[in-house]
Amino acid sequence: MKKKFLFVLAMLTTVVMLVTGCGAKKSDTIKIGFIGPLTGGNAATGIGLKNSAELAIREANASGKYKHKFELVVVDDGGNPSTAVSAANKLIANKDIVAVFGHFNSGAALATVPIFHKNGMPILVTAAIHPDITKGKYKEVTRIMTAANVQNEFAGKTAVKDWGIKTIALINDKTDYGKTNADQFADAAKKNGATIISEDGISVGQQDFSALLTKIKAENPEAIYFGGVATEAALLKRQMADLNMNCLFLSDSGIISDTFNKIAGSASAGMIAFNIGKPLEDLPGGKAFEKSYAAAKFAEPHEAYGHFAYDSANVVMAAVEKAGEQGAITRSSVATAIRATKDFPCIIGKTTFDERGENTLKLITPYISEGGKWVPYYKATTQVVNKKVVKK
Amino acid sequence: MIKILLTEIIGYILFLFFVYVEEPIAVVAVMAAFVFAVLFLKKKCGEFVKSLEKTYADNLGQVGIIAVVLALTMPFALMGDAYWLQILNFSMLYAIMALGLNFMTGRAGMICLGYAAFMAIGAYTVGILTLKLGVSFWLALPLAGLLASVFGVILGLPALRVKGHYLALVTIAFGLIVQQLLLNLESITGGTNGLINIPSPHLMGMDMGANLNLSFMSMSYQANFYYLCLIILAITTILIYRFSNSLFGLALNAMREDQLAAQCYGMNITRYKLLAFAVGAFFGGISGGLYAAMINFIAPENFGYSMSILVISMIILGGLDSIPGAIIGAFFLTIFPEKFRAFEDYRVMFYGIIIVLCLLFMREGLLPFKHRIFKPGMPKGEN
Amino acid sequence: MSGEVFFQQFLNALSLGVMYALIAVGFTLFFGVIEVVNFAHGEVFMMGAFVALIVSGILISAGFTMGSLPLLVAVLMAVLVAGGIIGVLLEKFIVRPMRGAPDIMTLLITLGISIVMREAVMLLVPNGRNPQPFPNLMNLDSIQIGGVLIKPETILSIVLSAILIGGLAYIIEKTTFGRYIRATAQDREAAMMMGINVKKVFIITLALGSALGAVAGLMNGLSYGIIKFDMGFAASIKGFAAAVVGGLGNVYGAIAGGLLLGFLEIFVVSVIPDGSSYQDIVSFVIVILCLVFRPAGIFGERAYEKV
Amino acid sequence: MKLLDVQKLTICFGGVIAVNEVSFALQAGETLGVIGPNGSGKTTLFNLLSGIYKPTAGTITLAGKPTQGLRTDEIFHLGLSRTFQNGRLFWNLNVLENIMMGLEEVRKTSIVGSIVGRQKEKDLQKQAVQKASKIMEIFGTLLTSQANKIASDLPYADRRRLEICRAIASNPKVILLDEPSAGMDGIETEVLMNDLLKVKKAMPELSIIVVEHDMGFIKGLVDKVMVLDYGKRIAYGLFDEVATNEDVIKAYLGQGDEAC
């Protein structure tokens, strides 16, 4: 009886062993980690990032401009801190990985950055824009995209100085992202002499803002600034239209997506949002990137921030190469090399990192919604004239 | 004794392999093999399995000790792999919560759909105390538990007046209110940004957040937390076991079965209800505190309604009021989805399906609650 | 606050309130007759909206013109039917198998199925994770009276809920079947002995309640122009809350509760500074207070437990 | 002296007067039968005595103490125990555990006690089990043979027995039996009656109030009878004189169906 029992278990164990056997494989190429939201709300963006990164690696390996071959190890941060932390640990645990780049959600990045630092793993933050990410001034932590505070300072200045806004009503969606943007915009606006007449929080997923807007309408501000993402922005814009409110409505980069235009429908026109970066086609390497991405025949589009991942990958690979020339390729030597990047030709332009780890190249573009599309303000057919959006 | 040792070692090895398997297909294969094996054993040598169960039940002490000893070697077996150690740590955190909630809901019948709130309270207590006031983690952790208990009692107060469905609503509301407050009380909780860079605990001058470099292998700092969680889980299990098997636990059972009758037989419902809430909440707080110290970053979004549901589904899967069930449920529902990261989007759906299927077809859960057997005259309890 | 603003807010509150009421009625029916709290009710609300989205999509592509009455009626009917069917399925596969199980179990299973429904919609609807724009079926401009703007959707939802709830009240109060329902609610065993087909009563009750919930979903889509897979959760909490405030099992109480909740929320948002941050908390606090101090709802008098 | 003294006990549920100025007294060891048509307020009376309902007016004095404003459990500790019309056992606990719930040992332990001072806990459990098994012996081996059965698995009659055991476990001064023979056939009722007589023999000081429909049952068991109708006491005294009381007859005839 007992024999049989043990026999079965032994069988079971062997089965498992066999299965596990066909797991591990070893490779001599240099491994680079990518961490980003491949599932959850930001999956589309995350996959765009991943594809673009892979594109960069393929090109590099094909061109043979580097001594080493590179391999991308992809993990999913789910866009939320807890998942991100275990994902980060997965990368750290893999001894072959010498550097990591990625992240779109600031929450995730804020959670992982200390861990990467703790384990001496260089992380090049690709598209997460929370200012505090580089606060620690860790040598391992660098960011290629411009931080949110720059965007918001620019936004505040433009609104007040260029468009002459004096009174502003603030709304934020109480998320990390929205709140930070709203606060920074408010500071910038105040600095330039505008007054904030009211500040309200809404919650993501809330649908009925009529009460809030009715209240704000009564305050009659010259502009409303909303810190948050597309859905709520669109609802606000719609319900503003329902209430015949035609004051300026400004927001952050989070609302720049087709979702906004789709939901806001006819009401979308005239929405103004400040974005980090520049339209791809107006960037130095933009056209080329578009072409090669199309050629690579990925299933998914590269989405808004793909090219940042492409650049990150190239920065990291170049850094690895440099580290290799100067000695052993270790996580720490790569970290130093990344930080030392100077005038590196990227799609977005010449990239150099400052001592905090921020990219010295700052790109901010205001966009305006026209006919259900986002158009860079400098190309738009509508513009702000005495505090109203009008046709040129 | 030998039987226990042998079977537990085999279980340990199986578990290790399960951890090492990566491809989803392989995982499925292993699961299938396992299920098959179990069915086969039940069928072919049922009485042996029964006798085994009995040996386990009769020598709980030994079982526990051996299990702990084996568990102690786990980090080495895993080569100090940061990722898997962390998954195990999470499993243990959840197990602690599941035990707490199980005591509240399974044993005392006080349904709680806002359990994540207690975790949040614990996490923020530790976060704020250690980060802003520089209190030692070792002091902050028990405080976290106690504060959670206090909130447990506060939540218990309306629970004195309401039952069943109403209580469910109250607890949901409680969970949401706590989360909203964490969002809105920025000055204390850091609002939506949460608390960043919570210091990791120090033990005898050693930073638990630093990787361990042993002479023969270097281990991720997760190993430190592994041992911490293991110890606390062990303590939790013992405590809950004793609570449950005391006459006090029996009284709670009676209250679950029929409050009014229990009252008519001299139970001061108020006292028992509040105690049940306090105990359940305490462990929620503890695991929250551990979480904060381990992840070093907490934000309200981590302690939402879905977290409460997750813990509920763990105890339902394991079997309401079953202590081993709660632990197994927690481990399974934490590790299994990790194997299917590719299907991350189906995770929540998976929890939902687990709940529905268990309640429809396996109301007792994986490891059903075992009734105590009394020998009239001389008592001998087992659970 | 000026008169105009006041009236505007009053309208906002009313349109919010009727929606809560419509959901609450479902909750209260289920509890009164079947003695279950159906946490999946919110998901029925959500699915109602999605059915409306799909059906209207089909109809429009089939040549119905935006804002035409036939389109509206067709969609409404589709939603009613779909809601009813979902209700029946819930009764058959979720509620009935749990008969005789402890309250907790029944409650948890409706919770479980609600998760499944929500996630299913998210995964099945293309790009379902993001909110779906809802077609502007009425396609009319707001009417302006003085400074007050009235959206046609608002009027529709108020009128529609009035009709539906009125219809329900008629069924319950006047028809034979209504008598059966009331009898079952009063005393299930007795009803059985009197030869009432309780099983049938249960099915139809769930069908009715769910149909109303689904219509609430349609109204939600119409008035806000978007629908999202996770809009059911908030709906069930608010609806349940409203039902409790009005006294579970009391249809008229549920209506009052819904309106009360709607007005309360709008009041908080419009009067308290940064009130919108607390809009959700308010209803929950109210519920807890109500449960503690008036467990039988604001209208019901203290209930004695059957011994 | 009077063990239980009830004066002008009254309760209204929203206008309806369920129990109307009912007064009676009970000596130690005495058995009182309460009869009356359905809805005449018998069970309500019990709920008032055991403190589940708070009286609108009137007083209850148990062993010299007024039970005014006391909680159900406090009244239990004064020595009043009861059974329920529709058998409210702890269905998922086994027979022993059910009886143990009636014992004061259960209340003696605390959450702390279950961790520190384990010996005390152990002893208490031991005591409790012993006491419980002793109480079961009143019914011979009927219950002892299934001491570890879950209550819901018991046959109907044994459930009734278990209820009685649980009720007398705390060895109370008064127990209220709410239709103990409900749903039993003739023979079972016979057996139950003998069981109760056993109990009375075993605990001579115990006073019993029993609500019943079965007249034979009452006749064989009680010393005095009280008849309620529409919450009012219409008769009170020895069985035979009450049985011939024309008000009572009218009440029953007027009421028509007497079967439960």
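Every chain is named by a letter (A, B, C and D) in the order it is written, and numbering of its residues begins at 1.
Convention: contacts are C-beta pairs under 8 Å (C-beta built on N, C-alpha and C of every residue); 3 or more make two chains touch, one makes a residue touch a chain.
This structure is a prediction, so every number in the text was calculated from the model and none was measured.
Each step here moves to a touching chain, and the least such steps from subunit B to subunit C number 1.
A count of C-beta contacts for the chain pairs A-C and A-B puts A-B on top.
Centre to centre, using the average C-alpha position, subunit B and subunit D are separated by 42 Å. Subunit A and subunit C, compared by their mean Cα positions, are separated by 38 Å. For the pair subunit A and subunit B, the distance between mean C-alpha positions equals 35 Å. Residue positions of subunit A touching 2 or more other chains, listed in rising order: 40, 43, 174, 201. In subunit B, the positions touching at least two other chains are 183-184, 260, 345. Residues of subunit C in contact with at least two other chains: 277, 280, 305, 307. Those residues of subunit A that touch subunit B in the shared complex are 1-2, 4-6, 8-9, 11-13, 15-17, 19-20, 22-23, 38-40, 43, 76, 78, 80-83, 85-86, 89-90, 92-93, 107, 110-111, 114-115, 118-119, 132, 136, 174-176, 178-180, 201.
Of all residues in subunit B, only 239, 242-243, 245-251, 253-254, 256-258, 260-269, 275, 279, 371-374, 376-379, 381 touch subunit D in the complex they form.
Residues of subunit B that touch subunit C in their complex: 105, 109, 111, 113, 157-158, 161-166, 168-170, 172-174, 176-177, 180-181, 183-184, 260, 305, 309, 312-313, 316, 345-346, 348-349, 351-356, 359-360, 363.
The residues of subunit D lying in touch with subunit B in their complex are 50, 52, 71-73, 76-77, 81-82, 84, 88-94, 96-97, 100-102, 104-111, 113-115, 118, 121, 124-126, 128-130, 132-133, 136, 144, 147-148, 150, 166, 170. Interface residues of subunit C facing subunit B in the complex, by the touch rule stated above, are 31, 37, 94, 97-98, 101, 103-105, 107-109, 111-116, 118-120, 123, 233, 237, 240-241, 244, 248, 277-278, 280-281, 284-285, 287-288, 291-292, 295, 305, 307.
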